[in-house]
Structures are given as structure tokens and as C-alpha cells.
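Here chain A shows up in two complexes: once beside chain B, once beside chain C.
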Partner chain A sequence: MTQHNTQQAQRKAAMAVLAHAEAGEIAARLRDLALPAHQDLRAPENGLVMLRGRVGGDGAPFNLGEATVSRAAVRLASGEVGFGYTLGRDGEKARLIALCDALVQSRDFGGLVERSVIAPLREQLMVRRTRAAEETAATKVDFYTMVRGEG
Partner chain B sequence: MTTIAELPPGFADKVLSAQSTFRSVMDAMARPGSVQRIVPMAGAPGMMMRGTAAIALTLFDHDTPLWLDARMSESSDVTKWLKFHTGAPVVQDSSIASFALISDGGALPSLERFALGTGEYPDRSTTVIIQVDSLSSGRGFELRGPGIDGVATLQASIKPFDLFERLRMNEALFPRGIDVVLVADDAVVAIPRTTRVVSKGS
Partner chain C sequence: MYVAVKGGERAIENAHRLLAHKRRGDQSVAEVTLDQISEQLGLAVDRVMSEGSLYDRELAALAIKQARGDLIEAIFLVRAFRATLPRFGTSEPVDTGAMRVRRRVSATFKDIPGGQILGPTFDYTHRLLDPSLAEGFVPEAPAVAEASTAPTPRVTDILGRDGLIESSPEAEDGASVGDLTREPLNFPADRDLRLQNLARGDEGFLLAMGYSTQRGYGRNHPFVGEIRFGEVEVEFLAEDVGFAVPLGAIELTECQMVNQFKGSATEAPCFTRGYGLAFGQSERKTMSMALVDRALRARELGEEALAPAQDEEFVMSHSDNVQATGFVEHLKLPHYVDFQSELGLLRKLRQEFAEANAPDAMKEAAE
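The block that comes next holds the complex of A and B.
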């Protein structure tokens, strides 16, 4: 059970990185690997998901609007099934994410994919986020109020 | 995770495969008794035939309640595959089903138990998809009705043997009634509610 949970956490972490990466970046990193045989269990397809919101975070839920998502499912010859969901209409990206998800679960490829695909992408993502945070921080203005003293 | 690992894949090319399968089923409905081929192939789970699987991927979705015969509903391969690829809800009550999948024709329930449509909405009836042994050899049937120029002959080995006698109820029910699709591997024959079996040889 704990092993199952670790794997779930690992897949979740991988998904958090892959969803923010460009399809081209994922493909370029996967190209260097000797990938095992795999097939599309569910060919990439586009659809809509309803986004729900709550006023103030705790109000009654309401339908905010719909967002386009792409999804795919890939199965490795060894039986692992990976799922990919991503915002937007990039079906190929969903397929690549599903492939990575399947590889992460695989005993033979899990480490390799983590090292050569997900870790570099995570680093890139961190760099990008830090830079954005720094750029924002540079324009920060501190407001303070002068209290007029009495007498 | 291993449960999903056994699932056969869906269509490789969803749009074109579904269009082509739809065309085959539509031609079969328009020309009752003619044997149409389903070209695009998807993996088929359990005892489901290739043609049935392709039709399922093409016609079923979350708006089409589905009734399965005992042999199909007992197979978790079939129910899981249908749920994963089509999302169609499987119902126990055959009278609200849009489609019924029959793998064992011998155990076909009485046709009155399916949805027959209403006078206002005759299209809200169940389309019964029956897997049969062969649509190229067996007993000969002669069909008449709209879409048939004169008489169409169909050679088929079908279970239940009295299927066409049972479909006689369509004559009295019209415009309500049951449409039947017969599938043997990748061959499809449709018997819409307007088709009458006039005679049969041996």
C-alpha cells in the first residue's frame, strides 16, 4: 500500500512538471531514450471540462466556464498504462505525457525517465519560475503611511 | 493498474474509423439484408466480435443507456472496455436502453421487454445488436420492404431460430418497433422495423 502511495506521489510530481513543459521539449528528451514498444490505448482527443469556482473560496460553487483539454492513454508492451491530460488542444503533448506516465510506473524505465526527462524539465521550470518571481520582486513597491505626530 | 492493462485499444484513428463504421451501418440500414463490411478495426474484449466493438466505439456514448445480455455483463473485460472507451451507462432495465448487446442469441429475452419507442418519438426504441455465427451461409431468408428492390435474400445462421417470427410484432407496432443489427465478425446486416421476412428456404 505504501509502495502504491509512493508511486502515486511520484506520478503526481511528474505530471506537475510535464503539464507545464512544451510538447517539443518532452519529445526532444524522449528521443534520446531507447523507448520500449507501446501503443495508444486511447488516441489523443480534445474535449471540454467545466471549471467550477466558489466566491471567496467558501461560497456556493458555480460554473465559471469551460476549458479545452486534451487527453490520451498509452500502454507499454509490459502492461503499464499511462494517462495524460493537459490544457489546450495539443493532442501530441497529451500523448507524450501519457507515455511518460506509463514509463514512470515501469520498473525498468522509471529511474531513467525521472533522471533524463523529468528532472531536467523540472529544473527548467524552476528557473523560469524563479526568474518570473525575481522580475516581479524587482518592481515591488513598499507603501507605508506617515503618521503625523501630535505636537 | 493491472486491471486496465488488459484492455484492448480503441480505434487508432478515431474520426475516420468512426465515420467509416457509421457509413457501413447506415448502408446496412438503408439496404436491409445486404451484407456490409466494417473495415476499421479496434481491439475487441472477451467474446465481443470485431464488428460489434467497432459499432460500440462509433455509436455508444454517455447518452446511450446500454443493456447487456447475461454473458456480456458477466465478463468484466467487456464492461470495463465499454466503460473506458465509450462511457455508456450499463442499465439493468432493458426497457430504457438505447442499445442492447446480445452475444448469446439463444437467450434473447422477449422483444417486448426492450424500449419500443412512443407514438410521438418512435426513434426512442432499443436497437438490438445480435452477434450471430454467420451471415454468409446457413438458412436462406427472403426479405421485403423499403430499401429493397423486390426481394433480398439473406443466408445466415442465426440464433434465436425464430428471430424473424418474433420480429413480426413490428408489423402491428409501426411506427414503433425494434431495429435489429446482426453482426458476424466484420460483417453487418441490419433488419430495420420496416423489413418483412416473406419466405424462407432451407
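The block that comes next holds the complex of A and C.
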């Protein structure tokens, strides 16, 4: 894998975690870090994304309906540009995701933000998902087909 | 025809004030919060998101509160709101096969990989009112069992491998995906447009249409191949970022209906399909949608289309409850000018009728 692809995969993996966190949870994790200077490249903005499904689940795409999405972009003083996109209308969350995305790309802060922000939030997400999966598993059922007796 | 009228500003203002008061109800009773609506009336929120065609739980809850629980009014509010926001683009198609399943049942196959999972369902409840819910009810913690890591493939994909069931139609190269919110509806409409229309269509209308096919008006012999509900991840190819960005997850319900088979001289017989997909936990909606989707494929499958549910112009033109309520409810707005001219015509006709039918004696007396 090229370096570019590796970094892209890292950014995407971080975004996949951050999109599931609350703005307050991300802010609380960032608060303890000595962050580099940064500025809004694009102020948070709310809009819509048309969500698509596929005919039969795996066929040709169709438009299912829209979702609200918030987005923002942040630039570090060292030049890295980060983007934040999230379902919903929480502009502050989009800005925090953008900041994290910029930090993930930074040589000086990439490791720190992964350890102090992304990893703990990922852990928290996994706990929530496991819990939901366990509750779901308890409702798994075996249906028996009653065979009609011969006598 | 509706003709604009003037006047009544004060009365209208006061009527809205009264509405706001009525909406709040008895002020000694606690005000309902958006969180309470979203958490405790979750299926109403799901319906408003589906038919409002906008995934946003908080907005749907606000709309329900503002509409005093009138869900069609709430759907109307959500539709109006969506028109105020710019569209950033289109998501990658969601992968329902990778859904984190919370419920998944098949009425056709008992043993499916990943198993049958009831999840949170009204099925098998006794439908008896429960007085203990009236106040202060604290539910037991959910039971837990070891979480399965086994994949839960779509049942139609498993059956599809043997060729027993028709495969989903592939997108044609370079074909654009139709969008009802951007282009006016024309007939005949392709399946992408039909599914978009049904996905935002009124649940009650689709339920009745689906039911009509079961009762013999365009029968298509349906089985529930699978219903699944759970979370799917959404990705959006953001041009500024340069790759598909994860946006988070949404809840979806999917229904795969497996229907009567067809074959021909050149094709071996196989089951046909109808498809339903909607926001949130919307089982009745997706089942109805799948029945109607299948019925609307009559032309494509060479069936005689004689029933209402098989008539795409009829179904698609009447499925939208915002359009429907707009046209029905506009009847209560002032039609005075229109009605005056009708009244004038009617008076004239009645006079002519009276003259034509007057007894001769009266005519003579009059002369």
C-alpha cells in the first residue's frame, strides 16, 4: 500500500469512529491536549445528502430519501487541511471532526490524536455495539416445523 | 378554484395564538420534550422521517410536537424544512447486507445463516392494553446472550445463488438515477423512480394497495423472504476530501418479498421479487411497499395489469400524503367567487325548471 493510501485509510477509519461520537465526547478528549494553532477553513454548514439504496438490496441504485448533514473544514498552522462530515445538524461536531482529521494527517500530532481521542472513542463505540449485539442475540429463535403425525 | 381573499388578518392571528395554547394543553401538566418523543414515540418519529423523506430524528420529533401529534401535518412540516437546505450531494448506495441486524426474520426459510432474530417486536404480543404502563413503569433490563460474529447475508442472496430466485436488476452503464424531487414525474416510470415514490408514500395508502393484491386485485402470491431492521453505515463521496467519507449510521428496515414464479420458453422458472426499504423500524410500511413494488412490475413481467395496485400512474399519483392532503384540504379555503357563480347558474336552472313544469292553469292565470 502506498503511503498516500495508508494515510487515507487512517483518516477514513478515524472519521468512521468520530461520526458515531457526540460533539461533547470529542471536545472532552481534545481538551487535555496541547493543540497546534488552527483556523476554520470553512465554517460549519448544514445541508442535505440524498441517501441511496439498491433494488433488492444488491441491484441498481435508487434514491431513498435525504438526511441532514453538517460539514466543516479546518487548517492547522502547519498547513494540514482536515474535513468534517457528519449526519445531523451539529456544526460544532463537524468542526471537531475536521480538526481531528487535520491532526491525523500531521506528523507531530497524528499519533497523539489516535491514542488520546480516536482509540478511546473507538473502544467506547465497540462496547456499545457489543452490548446491542448481545441484547439482539438473546432474541434469536428456533422455529420448529410441526410434522404431522402418522397416527 | 381558489381565489385570494383579503381580510381576516386579526382573526387568523388570534386563531394561531389559540392553536399554540391548545397545543400546549393544560399547563399544569409537564411539557413533552423532543427527547421524550424521539425515545418513547420512536415509531412515530420513524414514520415522519420516512414519509417526510428526511432522516433527522430531532427534526421529526419537533414536527410531531408542533403538529400536535398529527403525523401527516408533521410530514408536511418536514418536507417544507428540507426545501430550505442546500444539497451537498448523493450518498454511496447503502449495503443492507452489512447491516448490524437488530431484527431479522424469514417466513420462508427456517434455517438461515445468522439465524432468525426477533429483536424488539410487537409480534407474538397479546395486544391487551397494559395498565402498568400508565405510570412509573420501569422495564426489566434486556436479556443478553453471546453476540454472534457470523455474517447475516440477505436471504435472497442465498437463494439467488441457485438461480431459484430472479437476480436484482443491475444498473445500466452510465444510467442516471431518477429523482422525483428534481424532475416532474412522467409515465411510464422506471423502477428507481417507483421505489423512491413508494419509499416516501403514505403507509396507509400502501397498506391498502398491498392488501388489495392479497384479496385478489392483482394477486402475486407473496412470501416474506426476509425482513431485517438495524443500522447501516452511510458514506458520501465528498469531492473536497477525495474519498468516500463515513457520515455515521442510520436505521433502516428492508423487506424482501418472494413472489409467484415465472418462466418462459427460454428461461427456467424462478421466483420473482418485490422490494421495500424505509427509514427506521417501519415493517408494515416496507412489507406494503414490497407488495406494491411487485404489483407494479406487471408490465415488465408480462402480466395482465387490470387491478389498481398494478397501475403505476394511479399508485404513484396518489401515494404522496402531502400532495393528497394539500388538494383535499384546500377545499376548506374560501371558494366564494367560484361558489357564487355556481350558485347563480343553479338559480337560473331551477327557474327554467319551474317554468317548464308549471301547471297550465297557473300559466293561463299568469297570462
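In this text, the second predicted complex is superposed on the first by the 141 of 151 C-alpha atoms of A that agree within 3 Å, B and C clash if a C-alpha of one lies under 4 Å from a C-alpha of the other, contacts with A are read in each partner's own complex, and residues count from 1 in each chain.
Assume a residue touches a chain if its C-beta (ideal position, glycine included) is under 8 Å from a C-beta of that chain, and two chains touch if they have at least 3 such contacts.
Everything numeric in this text was worked out from a predicted model, so none of it was measured.
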{"item": "When chain B and chain C are modelled together on chain A, clash or fit", "value": "fit"}
{"item": "Which superposed partner A:Q8 touches (first chain B, second chain C, both, neither)", "value": "second"}
{"item": "Partner chain(s) touched by A:V127 [first = chain B, second = chain C, both, neither]", "value": "neither"}
{"item": "First (chain B), second (chain C), both or neither touched by A:D40", "value": "first"}
{"item": "Chain B versus chain C as contact partner of A:R52, first or second or both or neither", "value": "second"}
{"item": "Residue contacts with chain A in the superposition, chain B compared against chain C", "value": "C"}
{"item": "Superposed arrangement, angle subtended at the Cα centre of chain A by chain B and chain C, nearest 10 degrees", "value": "80"}
{"item": "First (chain B), second (chain C), both or neither touched by A:A19", "value": "second"}
{"item": "Chain B versus chain C as contact partner of A:Q105, first or second or both or neither", "value": "first"}
{"item": "Partner chain(s) touched by A:G88 [first = chain B, second = chain C, both, neither]", "value": "second"}
{"item": "Least Cα gap, in Å, left between chain B and chain C after the two complexes are fitted on chain A", "value": "7"}
{"item": "Chain A contact footprint on chain B (complex, rising order)", "value": "1-2, 4-5, 7, 9-14, 84-85"}
{"item": "Footprint of chain A on chain C - complex, ascending", "value": "49-50, 53-56, 58-59, 82, 85-94, 96-97, 100-103, 110, 115-120, 142-148, 154, 156-157, 167-172, 175, 177-181, 191-193, 195-196, 199-200, 233-234, 236, 238, 240-250, 252, 254, 256, 273, 275, 277-279"}
{"item": "Residue numbers on chain A that touch chain C, as the complex places them", "value": "8, 11-12, 15-16, 19-20, 46-69, 71, 73, 83, 85-89, 129-143, 145"}
{"item": "Chain A residues touching chain B - in the complex, by the definition given at the top", "value": "39-43, 45, 75, 79-81, 105"}
